[in-house]
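For reference, chains read A, B, C, D, E and F in written order, and residue numbers begin at 1 within each chain.
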């Protein structure tokens, strides 16, 4: 039924949750993830741009916004599967590909089909914009894992995800934006983690003694 | 880490939701589904038993309880995928198989391994118990779709699921329990659906007039 | 604490829900909304582009992605307030502005500040890209209201939102993309609404009679 | 549509959550908050009463129950806004005022209007009952923050809220009920916090050894 | 541990949901219910007051706020139980009584015990304030059922609850406030129900034609 | 309305949550609990079987699957009540019994009534299968408490539940399966608990240094 169906389908991405089947304090939908990846990619591209790289901005945004649309057809395949079995990911890519094509043929009017075929393609190639997408996708995953670890999630999987996300990011350390992430942003994260929490007792006592003196 | 890990993993099945990515009024976890399939299979086997069939009760329960445990490794793959692409289901079965084997090797102590290998196998074979599992699995799916339709879900997918679940059940109409389902239970469902709702206005007015007279 | 704080804050947008305080069957976060507005704006710009308009794609995406970031500081102000009191919206804009500036000064390193000042500005100006943002924002709001009406929400507010969103869109009917929305997409929506639901009873009876004959 | 509309609106207060946009382990609605403030105010007034103060009980309860009804019109404005910008709070009060008046004119029948105008007014004045409302409101806020800190919420905002709530309470230390809160209740809270958790291992080992001996 | 424990326990009432085990579109906690009963009782007492009845306002509020506190110890016993078995309710009252006494002895300091013993007693006696509590409690229950029916809940239990709540209210029709409820408020509810919904198609077409002419 | 009503009622068990009114990070429904008890009982019976005990497998599964069905009629009575007042549990059993009988008479066709009367009976007798049910029920309760403790739940009730569940299990230490639980599974749980968490900082620094060298 055309573009109406396409617009309506965006809401379904709000109901697909990432990493299903592991206890999480906070859930993240594919729709939210896409927003965050676009915002992170925007920052990385800004760093590249400032350092004299020629950035194709349209490609940066377009790839981030559309990179997980095909999860609409397949759902978010469980993390352990993703990590344990590279072969399945390949098969899954094929399936995603043919289901995406079916969707394009059925819902996208002929005049827009070619543009959307391009948009729904895997965007993680060797171009600067492809690399930025790869890194931004992993940075958001790393933040998802960090959020759980910070909140006290006892599931060791999140340490594993944090580690593997960081490993993937480090593979792109030839990018100036990745070096910025490592040297500045990651440092801020570690500092926050290390800073000892102020506890209720000390806050309370301090205020009480201040008041007593006043 | 052994059986502790196995017991703990049961809770993860409470966090895998069926049919992800479609709006539902009520969610159903894989854990709840397994309970309901076991209870439905129990009824079907009771009908068979009363009609002189020899029922292997251990098999009936065992298969129902364990039939979706391997979704722990793969998640609940999206319904449209399941319905659109039989080939993927096959590939998925293979993957599930090898991941289940990996789990068995790692967590289940040697002395119990053979028993659990048997339990985690696909149970939908041509035996009476295998057929009962197939039917019970579809009856619960049909009830999930019915629940959404009854609550006013505008998503046409649930009509499709209802229809396809019913078609699958009808393939087993050689079973006396399936005939009971069709002739008695489905009839009750249709009657409930047809019965016109009593509305607030009439209840209210009736009570008010009764009171006025009293 | 810089960009780490900025990245972390994106997750807070997943926890701000639109139209608080009215019963909804489905909630929508500001993060999800931003993703959907970017995807809708992308389509509108595609229509403009195909019709010979010169589209600044960077601006289209950039504005959509960042247009509600400042709700982080203020929350999503209640819909009735928005609709009843234009003066408050103005005051709110001022407050958002000063809080955004405070955030920029505190968290965004000097070298990126000017770029982000630009990004966090109100993007709904008279340029083609500004108009596309205005329309895309309202189309997503219209779809939110449509989703509730379709699911049977008795709250009349959603009819009001639907109507007011459509009125706002129609103000931009000089855009070819808006005319496409009205003549094609809205038509598809109305057709879907009109199509009578197939009911359980008919599906069931049809399948049963097909089987009986077989 | 009159009092029916007013009764119905109470349910909307169950859907407005306090402190939107910050991760919380436990959400609190404006309806629940109002109940808790009334219960806390009841205790504070009991302490005052026992110490010879003349308490106007009708005012104590009436103010607590109605003190946040006007959030129905505006939503719960984000905490950081509340804390960062006193000027906005003032503007907001004006807006709340005029929206409340509009609601009174439209929904409350003439015969009850004056009574409800009084009830929906800001109740935090300099009377004993006004002070009790101010303190009870902050004690519930302090407990909300304490609940998050206790559960391990890494967000520093909750320490800030705890501190600022306590500071506000201490401003009323001329009240005997506030001194009771500080000297008795807060002491109990700190003691609970300090008490070291008993861990699984020790419980387990103790029980096992007891059993072994038995 | 005293009043700290009592204040903390209020939050547990936010986690006890009414009518457990029946599908609902909207949940209501015991905390929210208490707030709403107090607000409804306030209105009923206002009507009585205006009609020359002498209202003990302290009693009206006090009973409403505290009337379900003891559910903390017992939970909200399932509706069908409540409706099917009056004898159990009696036994339950006894248990609630002894658990409440235990709580009083353990947590409430001696100096406040007598006051709280009075507050935690069953308040639905034959005094005007006792009758107002009985009616307000049922009006909120009626609104809960009405909310579900309006949203399309297919569960017939909600019609039964609506009917039984209304029957209970009508028993108090000697109260002028109950007659106001029946003659004015219930009339508004029925009118709202009867008013036919405006549909998307008509809104849309009307706006489109207005625009076409303009 | 017969078996249709029975099948439909299974879904209501998905909406009854265990231990209502205490803050939990993760909720568990009666339906999920039944599934987990059946799976745990299956393991315990496997151990017994391997050690030469004669296991009636039908009884093991049947009792586990059906053991909490009657909570449909009564809800999950609050844990503190369960623990504080043995007499109430007895009264409750009577009520459950009579409500279950009523359900049997109304919904279960005559031909199946006797079988279901048997199935809905209390299954925790002195037979091997009855003991296995008692133990499996407590093991799942222990895991629920363990899950909360592990996630940092400050509520001391969960330590109490853990302790009391373990005490109940230890009463059955004459069973070889219970000894296996104590000597092997509980040991694995304690080891997991003791193992110190790896922290973000160390993972990060390690990866960074590995990369720096590479």
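FYI, a residue touches a chain if its C-beta (ideal position, glycine included) is under 8 Å from a C-beta of that chain, and two chains touch if they have at least 3 such contacts.
In UniProt terms, the chains line up like this: A, B, C, D, E, F = HD domain-containing protein.
Values in this document were obtained by computation on a predicted structure and should not be read as measured data.
Looking at chain C (HD domain-containing protein) and chain E (HD domain-containing protein), the chains in contact with each of them are B, D. Each chain's centre was taken as the mean of its CA atoms, and the one lying most distant from chain B (HD domain-containing protein) is D. The two copies, chain B (HD domain-containing protein) and chain F (HD domain-containing protein), are related by a rotation of 180°, based on C-alpha atoms and rounded to the nearest 5. With B-C and D-E as the two chain pairs, more C-beta contacts join D-E. Residue numbering shows that chain B (HD domain-containing protein) and chain E (HD domain-containing protein) use the same positions for less than half of their mutual interface. For this pair, chain A (HD domain-containing protein) with chain B (HD domain-containing protein), the centres built from the Cα atoms lie 33 Å apart.
Per-chain CA centroids place chain D (HD domain-containing protein) at a distance of 37 Å from chain F (HD domain-containing protein). The distance from the centre of chain B (HD domain-containing protein) to the centre of chain D (HD domain-containing protein), each centre being the mean of the chain's C-alpha atoms, comes to 45 Å. Chain contacts: chain C (HD domain-containing protein) has residues 11, 13, 23, 25-26, 147, 152, 186, 189 touching two or more partner chains. Shown here, the protein chains touch in an arrangement that is not a line, ring, star or fully connected set.
Under the touch rule stated earlier, the contacting chain pairs are A-B, A-C, A-D, A-F, B-C, B-E, B-F, C-D, C-E, D-E, D-F, E-F. The touching residues of chain D (HD domain-containing protein), counted against chain A (HD domain-containing protein) in their complex, run 23, 25, 146, 149, 152-154, 159, 162-163, 166-167, 170, 173, 182, 186, 189-190, 193-194.
Of all residues in chain B (HD domain-containing protein), only 1-8, 10-11, 13-14, 26, 28-29, 31-32, 34-36, 38-40, 42-43, 46, 50, 57-58, 61-62, 65-66, 111-112, 115, 119, 139, 143, 147, 184-186, 188-189, 191-192 touch chain F (HD domain-containing protein) in the complex they form. Remark: chain B (HD domain-containing protein) residues 11-13, 15-17, 20-23, 71-78, 80-81, 84-85, 88, 91, 95, 98-99, 102 touch chain A (HD domain-containing protein) in the complex. Of all residues in chain B (HD domain-containing protein), those touching chain E (HD domain-containing protein) in their complex are 25-26, 147, 150-152, 197-201, 203-204, 207-208, 211.
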